[in-house]
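If you scroll down you'll find the structure; I have some questions about it.
We just call them A, B, C, D and E in the order they show up, numbering each chain from 1.
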Amino acid sequence: MTQPVNPADIHNTILAQQKAEDRKKLAINTVFIAILLVAPFVLYPVFLMKILCFALFAVAFNLLFGFTGLLSFGHAAFLATGGYTTGYLLSQHSGLTTELGILAGTLVATVLGLAFALLSIRRQGIYFAMVTLALSQLVFFFYVQSPFTGGEDGMHGIPRGELFGLISLEDNHNMYYFVLAVFIACYVLVQRVVSSPFGQVLRAIKQNEPRAVSLGYNVDRHKVLAFVISAALAGLAGSLKSVVFQLASLNDAHWHMSGEVILMTLVGGMGTLLGPVVGATFVVNVEYQLSQGPLRDWVDPILGGIFVLTVLAFRNGIVGEIQKFVRRNLG
Amino acid sequence: MTMIFGVPLAVLSGQLLIGVINGAFYALLSLGLAVIFGLLKIINFAHGAMYMLGAMATVILFDALGVNYWVALFLAPLLVGVFGMLVEYFLLRRIAGQDHIYSLLLTFGIALLVQGVLTNLYGVSGLRYAMPDMFKGGINLGFMFLPYYRAWVIGVALLVCFGTWFMIEKTKLGAYLRAGTEDAQLMQGFGVNVPLLVSLTYGFGVMLAAFAGVLAAPIYSVTPVMGSHILIVVFAVVVIGGMGSIGGAIITGVLMGVIEGLTKTFYPPASSAVIFLVMVVVLMVRPTGLFGKEA
Amino acid sequence: MTEAYVLETRNLVKEFKGFVAVNDVNLKIRQGDIHALIGPNGAGKTTVFNLLTKFLIPTRGQILYKGEDITALKSATIARRGVVRSFQISAVFPHMTALENIRVALQSFEGNSYRFWQSGRRLNRLNERAMELLDAVGLTEFANTTTVELAYGRKRALELATTLAMEPDVLLLDEPTQGMGTEDVERVVALVRKAAEGRTVLMVEHNLSVVSKLCDRITVLAQGAVLTEGDYATVSADPRVREVYMGTESSGERGAAPSVPEAAS
Amino acid sequence: MTHASNREYEQLRISGLHAFYGESHILHGIDLVVHRGELVTLLGRNGAGRSTTLKAIMNMVGRRTGSIMVNGEETMACAPHHIARLGVGYCPEHRGIFSSLNVQENLTLPPVVRSGGMSLEEIYTMFPNLYERRFSQGTKLSGGEQQMLAMARILRTGANMLLLDEITEGLAPVIVEKLGDVLVALKNKGLTIVLVEQNFHFAAPLADRHYVVEHGQIVEEIRADELSAKQSVLDSYLGV
Amino acid sequence: DISDNTIKIGYLADMSGTYRDLAGPNGLAALNMAVEDFGGKVNGAKIEVVSADDRNSPDVASSTVRRWLENDDVDLVAGLVASSVSIAVSDILEENDKLGIVSGSAASSITNEHCTPNHIHYVYDTYPLANGTASAVVKEGGKSWFILTADYAFGHALESDVTRVVEANGGEVIGTLRHPFPTPDFSSFILQAQASGADVVALANAGADTTNAINTASEFGITQSGQTLAALLLFLTDVHALGVEAAQGIQLTTGWYWDMNDETRAWSDRFMEKTGVRPTMVHAGIYSSTLQYLKAVEATGSDDAQTVRKHMMETPINDMFAKNGRIRADGRMVHDMYLAEVKTPAESKSEWDLYKILRTIPADEAYRPLSESKCPLVSSK
């Protein structure tokens, strides 16, 4: 015997919840941006930029994996393609301004993303992961053998150049704020995408694909779009990275990199917005700090141990576990 | 001399045979992977490490205790199998029923751990293992010189593959395993000791890898990283065959050995890319691999 | 002539590796009818549904919708044309709230599903209609509940509401009352009746009391082929139907015990 | 072994059973007793916790507290396969047909836990559909056929206590009727049956007693002979 | 004047990956031996050593080195193995005008198109490897060659160097075959090499590829069928891993061998005491280069990169590693190289008794002449 309930009341509660969520999101974003703005005065800017590049890469990956349910095992291909394209163009054409070089790198990665997507999107689950892996391996072999990448020696001496032909990016602080601006723009974009009408459909597809089909959605096309956005952002991360470090190397194209971005996302918390950022920060830091310290011969086994621990003890990732904790104790 | 695309027939036959031999290796390795994925839905990224452990154990047992090849052929897989069961019992079991991706991450972590520890203990240059005396030399087949050891590899690998296939596809135990994969809880509700079954299966799967490792010890350079290189190729083989298809893994293993061998003859630079190319093409045409069950 | 029929199949055949699941079926569904498809287990009812919505590809035969051949169209296209189905096994988006589930369905009419740059708050304008639909299936109080947490019967109710949100011309319901308690069955019967106003419903249902109350016309399938067709009285009087399907129950309605009417199957 | 003494034998005793799925507390202290050879139903609305009670008996829920005695043996600490070995056969709500096995393999899958189960022939005679489709993949069966298969396979194991969750769901009336006959036959053989049913018309003539479950608790116990007297109470619980 | 009154040396190398054994943690031990020889102090300034794993990644390496140079006042970056890392680091060194000594890399481009005034390439590169082995083998009658090349820049460089040397000496390359990197199984390639009928099968690859190829060659009886196997880059650790059984008779070029004279043996004994293994040429080179660096600091009393480098270039190197070695304008340290042959099981007396030195290749003959250099530092001088 159900209590009579008023739909309007329930609806209002839901709207109020949404408002509260928006406020919370805004607050978190603000704090987060504030921290990033002052960070280079405390920490070494190049290292911070490295973190931002990988964070962007992980955010891009998570859009596909965490929010669409597609596990790409080939995202390294986009990172590398962005990096190599931008690096090559900036090295070869001294007239090119940096932002155009980065744009071009992103564009080529986007096109490659579209190609990957069209070839892989109809495959399900683990097969999808494996087709993307195979495609990215083919891209890897291409880069190994193409002369323009410098093979395993890598591409070096990429000029940072000038932003809009005006602001010198040789200066680490200028470079940092440029990278930060791009990162924030992308992060906000992804936040938007996830909650957009499109994002809702992605969620639906992730949870029950046949049902989404029966509701009249062209599931493949939605997935392709998500894939392409993700590839574009991953390519952008690679482009930025090549400008920051002034080099592009095969490490970025190797399948280990595709694995690493999965790890970053999972460690941070997949399907959460902040998770990949936290995960990237964590993984990059651990690797870097360990390789400097007394345990430097043991980086790999320690990383291995961290992954084991993550999976066993906090599967939802750092952010996911915090959210869970907050929900349980405060909500 | 008969030529085929500019390659003498004799050379080609030799390459085909070599392809089959390598294929037998792939079959053995991908079989273990397919058993573990097919039956436990674990994406075992530690498979390469288990292969490596098999080879390392062979060498270490010999150096430390003088254990000979024949004993190692049983002992090394057994030890690795027990190690695998411990890994399953203490680690993998805790993530049963979670998304595949967690098993991938966990086993990847285990592989890094094992590999890293052994690298620090034994270095990366490799350990020396002498070919058992009875396998020294070979026979001249006319078109090529076939070392006895390679002949042995092909025979024993295919035998083990067939035996495994039979056990899983044709016996009651196999039916338990297949059903347990789909709904372990219900199987347990029927009175089957699923946890034990899972341990044994994982142990068995990695034993197959370790067995391949023992076979590899006399002919390949035995190093802590030997498994990580071969890992994704073996994954590709399993995927082409259809994840979880036991027979598919075996047949595809041999097939890929041959295709790779032919590429090594006609256009060697592409020989490591070719498997991935085949994979893309196969999955275009057959979304669940050559022998995969349709979704 | 065909105009009178909104949905029609001609010599529809589906074979699975030599096994004929649907054998030369000619269905004619009249505009505005509630049409039931009944028959013993394994008769091919779900398969027919799957063929109509192209979740399976017919081996042979034609499917006509409003006189137009739709045999070659894809699932999603057919759904957008107005032929929408619900599933036999409950199909919901488990990690969305009930409200969000409905909104996903309503959203497919908005034409904004590729707008990744727009705010999701735009979808709030769908809430009112969504709440109406939830209310109609008695799920108002669960609007903000994540769907996994709903009991099976409520999931079915939610699924039905989602399907109705599609404003279909033709509604295909596969055992809509399966797994529901008595009170829910009542509600669903009322709901289907309401939903059927101005549209056509084709349903598979084993609960004969529901069939008898709701349906204008009934087709009985057995072993993949049409056994007979007609209204409830005609069909239930047919001895062949009694033999293969209804059994010996005098009324053909389960739940005939006087004080416990219409218990659901 | 007389019929009467059998009746007194407590095949199942549940006391103070609480069960949880992760955070959510589903059962709030279930108490019930089933004697050997009895057929008892659990009635209630959707979501009342009937399926959960059966799962809890099999140790298939997240967490449990309280006590469950099967054949006089405490099973709270037992793994599910031990419980099955005590002679418990469980037919789940969602059938659990294995897609990697064909129909016959599905049927012969559950290990025999006691002697006295039905033979394959007997089962095929009872469900000719299954015989016809015996070599096709389990999940390619129609919904109703899967339901038959799920029920049939535990009849083979010789379990002497059956936990059956909504077994008439999605079955054609003829089959339902046949199932009724089967349950009567099983009861006559001395099997104990706990039946979760929505189809009260099916359950009423078969059951010795009914328990009404609401919000994870037993709120009413009704013997078959009290049925007509307590009809109105029952109706109000079931929301008729 | 020495900044902060400390000399800080950063040792950057692959500590855990493929190049671990030839440099790695033991390279750090060698470096510390040089510091010890100075008593931990030079001109009263403390010598401090920091170290890091480059993880064979130019990214990781460049973050590390940037911080070392920009924040931590590191004066010398030593180690440096993977060529991608060495090139990336040399760019940063130049930007910050600090000094680096590359001891582990093989790429000859490091002092050719990638040369900078801020780094020195110490132990060896592909040029003398090809030069030494190829000319020696051709002279011994190996006229027709089949080259098995690792399909990446390093392999290609070796291949073209070898081809040049073979042809210059009157031999002929009758076939080349590019194998992917890494290749776990070489039987197919060995079979093709065998079928080619060439006198010499040369391995233009490194590490596990080389050891796998040699293993397989021995299994398939390449040498029994009359062909000579020439490995172009083979470290002592590789030969140790292969064992003399499989590797016997292989000719190779090395920059140094532990068992050449009393001086090398004495140092190797010291090294072995610390590490448990015999040193490779890279280990010895790390020791020697650090020693020379510290001597230069001592002599000039400065830690300024250019001052120190200038002094190092002006001073001939004479220690247990090299006799009359010198650092050229392009940063290449040239010294005598040695043609060695792996001993047979009968000849090998102990675990590490692996080579016999056949011939000394004089420095000027071994390395790429400056006249062929593409390094801008050379033409400006």
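Throughout what follows, a residue touches a chain if its C-beta (ideal position, glycine included) is under 8 Å from a C-beta of that chain, and two chains touch if they have at least 3 such contacts.
Note that the structure is predicted; figures quoted are calculated from it, not measured.
Annotation of chain B and chain C: jointly contacted by A, D, touch as defined at the top.
Averaging C-alpha coordinates per chain and comparing to chain D, the farthest chain turns out to be E. Distance from the centre of chain B peaks at C, each centre being the average of the chain's Cα atoms. Inter-chain centre distance (chain D to chain E, centres taken as mean C-alpha positions): 75 Å. Taking the mean of the C-alpha atoms as each chain's centre, chain A and chain E sit 39 Å apart.
Chain centres here are Cα means. That of chain C falls 29 Å from that of chain D. With centres defined as mean CA coordinates, chain D is found 50 Å away from chain A. Shown for chain C are the residues in touch with two or more other chains, of which there are none. Residue positions 16, 151, 180 of chain E each touch two or more of the other chains. In chain B, 116, 119-120, 269, 272-273 are the positions where the chain touches two or more neighbouring chains simultaneously. Per the touch definition, chain B reaches chain D in the complex via residues 175-176, 178-179, 181-183, 185-195, 293.
Those residues of chain C whose C-beta lies close enough to touch chain A in the complex are 53, 55, 75-76, 79-80, 84-85, 87, 91-96, 99-100, 103-105, 107-108, 110, 112-124, 127-128, 131-132, 134-135, 138, 140-141, 143-144, 162, 166. For chain C in complex with chain D, the residues that touch the partner chain are 16, 19, 39-47, 88-89, 149-154, 175, 178-184, 206, 208, 243-249, 252, 254-257, 259-261, 263-265.
Of all residues in chain B, those touching chain E in their complex are 8, 10-11, 14-15, 18-19, 21-22, 25, 116, 119-120, 123-128, 130-131, 137-138, 144-145, 147, 149-150, 219-221, 223, 225-226, 229-230, 261, 264-265, 268-269, 271-273. Listing the residues of chain A that touch chain B in their complex gives 71, 119, 122-127, 130-131, 133-135, 137-138, 141, 145, 255, 259, 262-263, 266, 297-308, 310-312, 315.
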